[in-house]
């Protein structure tokens, strides 16, 4: 609006009713990125991660290995079936092969996060490349990519992963994450493709084209920044899905066996009938940690949704 | 409405066939990339557990012949694909000489039954909750309570299953820990049997419903908010239609359409979740079959069950996609997505 | 064109209507103290630039303001009843029977998943109860004929119709229950020029045939002049001037009306498009005095001090501007000329 550019001049002529002009955002704290859900969710996740990292420094993680501690101790303040009480040497108790639960959780939590992050990042990377190519180049490239996504998106990833893990037996964190990523690229690809298509028609990209910017320039300088809230939301959704898949595989006993993971701990507990022996700390603590983690991720995702779709923001008031 | 455009139909069928072929191929290739073959591993394990097996080499050879493992790879592949088409996955390695298809035949009805029930309830209930979250005539107290119900949404099905099992089966003893029916009851069409099936199925179904209805509720909420801002809702209000009529005929009717597409895409995840629930509850469906096969390293069963689960999911998605033109009148003109 | 006799009866009276939108930095006064009367059988046009509050005012009359907007004060009298005092259920019953809407975006105003016929049926049956199928169908087909729609669209879906057809469907829907008052909110703006003309003519024809009162909202002074009896010029939530079309074009009383009239392209004279200069004020914090002062070429000291009241400068022409001062003989005159 040319009106707005005349502000100062016009204000001088109309000094009587000097209105304070604060158009657009009302102040710097009024950014949509500072919404309650996003902050709470990020806070939960950060707290879990920080505990995992700091915990390693203050607690002896060697205790996470078999036979390092007494067997089947309950957490402090509880009593197990055999009448033993928890001791401070193992505040969260131990399981039936003598691993200290605190050490297991300290090592396992970041591992589970790591799998989610690697898988989501890899899936996202593939999604960005394919989505941009599909939306921007179009033609047969678009056709092939769309077909590939449509064909693979409905396959229950867990089933294929079960087959792969069952064959591989020994699997490490990174391999597992990459396997999961093979089923995590379709959604970001579709999302980015549709966003690119709608953006391609928008005024500013056309202007960039007319002014002779190269395709690569347009893609990364003009379009990518506008996709950031979507990419972020897609990344979180991808990480949630990846952790979900990882925990699923781990609880089936198909996860990495050399390093502790939260799902793997639950698997051990179930196979040792911890439920019937009322060793709730064995499966319960990793369950609660995972649940917290997923609540955090959900909150972050809801918060990002509100950023990408302002209508939701209004409605949540 | 009421007509599936030919282009859409052919593309959709093509994708279906490709999906199945791709999945079957991947399942076939993977074990062949791994060192050693499943048969030798299997016999090796048998030998190890029995101490010594006479003519172990001869047994291995005999089996290899029976499974056609001596033929050229391509022939093996074709034979395998042909088997997939006829649901013939050979013999179970762990419970020889039972056919894999027989095992699946026992497990499948339980899985389909539980899945249909749980997923239908989830979808209807979730969308209902999402709709009334947005509707302006919903009592405030209900709107305030709903978010608490969504807490479970974010948790993986398997964790909800564990918690339910612990609280309701172990601590409260209100529901059975394992199985699909009481052992003393003769399976059949008797009230006793139906009752025991419902009794055993409640917790597994609840686990699925609890964790996934929130997903649909949140999706529906988003769609309802979008639809609420549409001009036709404003006109419907100006027309003085009854609020409930506007809710279901104008808002829900339009907001549910993208949810149905999302439903097709989420089926894979739902099935995976169910597989894990079955394993936790020892429910005699595909999930338990797969878990047992993993424990006994019965590769033939893993392969067969994976294939069937993928096939069923693809069929379900196909049905939803083909039903879509009947639900959204706009699609018959557009053709394709 | 207009019967100026005082015994005209009011179809709709709006008094002191205030509609504010809540924002973090304070309320935006979208409609601020708007009063006017719509007489029976007349067509009143509302013009003004986008954002001046004309659509908000019409939504306020229909009681369709949604949060963050809210009606702060005012009265909307229809048939002697204040619509703002009715309960939700009473209001729902009155809607469409007495007051209908031809919406701004006809493109999206029809439910995409319902056949055209069903959308007529639900409004008729909601208000008049169940009816025999054949009779109902005949009634809908008659409505189609009134607005020049072919009978074949009866069982079609909205996406199968052209823009002009959808707009006619909305007109037919608007008259389905023979309302007292119809509000046409930029009903033709989204259409291309040729269709716009045909639809506008349809609307006028229908209006004449039924003898309803009508509020037409638009931004094109030229188009408005051909369709309405009186024009209300709105600026920043206020009515700047109300006058008959003839008065408005002969001697616009408000400087803003002048600006709008000057922007009507003329076939006979060629002239550069006049851009309205000056800035608009912050709508959350309107200046003291006249709302138009920042853009007014004639702003005086008094304009910055106190808001002008709307005064009838001649029978039928009401203006809210300090330029018009009462003379000793009781008439109003433009101070620019008397000075």
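The letters A, B and C name the chains in turn, as written, and every chain counts its residues from 1.
As a working rule, a residue touches a chain if its C-beta (ideal position, glycine included) is under 8 Å from a C-beta of that chain, and two chains touch if they have at least 3 such contacts.
Because the structure is a prediction, the values reported are computed rather than measured.
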item	value
Chain at maximum distance from subunit A, centres defined as averaged CA atoms	C
By count of C-beta pairs in contact, the leading pair of chains	A-B
Centre-of-Cα separation between subunit C and subunit A, whole angstrom	51
Separation of mean Cα positions, subunit B and subunit A [Å, integer]	23
Computed distance of Cα centres, subunit C from subunit B, in Å	56
Touch list for subunit A against partner subunit B, complex	147, 150-160, 162-164, 166-168, 240-241, 244-245, 247-248, 251-254, 266, 270, 275-276, 278, 280, 283-284, 287, 290-291, 294-295, 297-298, 302, 305, 309, 311-312, 315
Residue ranges of subunit C touching subunit B (in the complex, touch as defined)	62, 64, 91-97, 100-101, 103-105, 107-114, 122-123, 126-127, 157, 159-160, 170, 173
In the complex with subunit A, residue positions of subunit B that touch it	15, 18-19, 22-23, 26-27, 30-31, 33-34, 134, 151, 153-156, 158-159, 162-163, 165-166, 170, 177, 218, 222, 225-226, 229, 264-265, 267-269, 271-273, 275-276, 279-280, 290-291, 293-295, 297, 299, 302-303, 305-306, 309-310, 313-314, 317
Interfacial residue positions of subunit B with respect to subunit C in the complex	1, 230-232, 234-243, 245, 249-250, 253-254, 257, 328-330, 333
